[in-house]
């Protein structure tokens, strides 16, 4: 059984943001056991899984991703949309644009410390669209 | 329902290449709603999703991945297959070797600007094999 | 058809480790064609696919990931759990925490040189839990 639904996330500031709750409240009840697939329909944002507790973790992700893929370097040729644009494309591939998470008894089988992150790599990314697909 | 098919890509030069059309023309019609899973059977190439329009974007991906994982450094010990080989393995993990994309009404639910990239990390990678699995 | 099972991996030292055999021996026979999904329930380890033959490859992965995300830098603010902790979170996102692999005739459709890696990014990560989901 396949159930598909679009999820629209509100605009977030640049950075890594926990969205587990926001995603789940837009989904129907997860029936029995299966897989939840999430796909972000953008090329300058990502979704990934990491620590759901200490707010310094998403801050350090932002710092580290900026160091991995620095802005304003002379070697970028795709520069018409601003200095944050091409680095955002690269970061989106590094973080990933889609994710599959198992569930059972109606709950995601995330580890104790795991949550779903929206990785907003643009300074002004605006609303972001996800496609959620539930496989049971 | 599961439908599986091997896709053989022609040899591409080193770099990032849009292959959305090449992949789709080798697949049967996508029936109704579901998920398309793509898996590349190689350890020195990757597949990922990014910008489908401006040709400077794949060029900047190549430049940025070469900066992330530089060639010819003394700390590599796996060097027998050439200086592009070990960096290609690392890049393949960073870009990813498999991808799941939702579809509906027979069309991939990619965003307006999204396409599927083959990431060819070897100087002479040759033909690359993918396994496509359609879940409906 | 969906079949879900928890897999517990023994403690591995920090580094990249081939676990294809360990995973498969804890799974039931793979029936016909389908997809195997693996999800690691931790935020400081990863799973990915790469070279299954030369032991210098996982060593070079460890070296390269340490260069991509160096420890002990002053810009980390999440430091209470040790200098290996925050870099482990970043590396886990770069390597990925989940993976889907196609199978057919009861065998994973990995390429000749592909194996499944556990990426242990902590100095003392302990046992790691995976959820395996078989879709047929």
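Chains here go by letter, A, B and C, matching the order in which they are written, and residues are numbered from 1 within each.
Methods note: contacts are C-beta pairs under 8 Å (C-beta built on N, C-alpha and C of every residue); 3 or more make two chains touch, one makes a residue touch a chain.
Quick caveat: nothing in here was measured; it's all calculated off a predicted structure.
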- [ ] List the interface residue numbers of chain A and of chain C, divide the shared ones by all numbers used, and answer same when the ratio is over half, different when under half.
- [x] different
Open item on the list: Please compute the angle of the rotation superposing chain A on chain B (C-alpha atoms), rounded to a multiple of 5 degrees.
Closed with: 120
Open item on the list: Report the inter-centroid distance (CA atoms only) between chain A and chain C in whole Å.
Closed with: 20
- [ ] For chain A, write out the residues touching at least two other chains, lowest number first.
- [x] 68, 94, 96, 100, 135
TODO: Going by the contact rule at the top, pick out the chain A residues touching chain C in the complex.
DONE: 33-35, 48-51, 54, 56-57, 59-61, 63-65, 67-68, 94-96, 99-102, 104, 109-114, 135-136
TODO: State the interface residues of chain A toward chain B in the complex, per the touch definition above.
DONE: 2, 4, 37, 39-43, 68-69, 75-78, 86, 89-90, 92-94, 96-98, 100, 129, 131, 133, 135
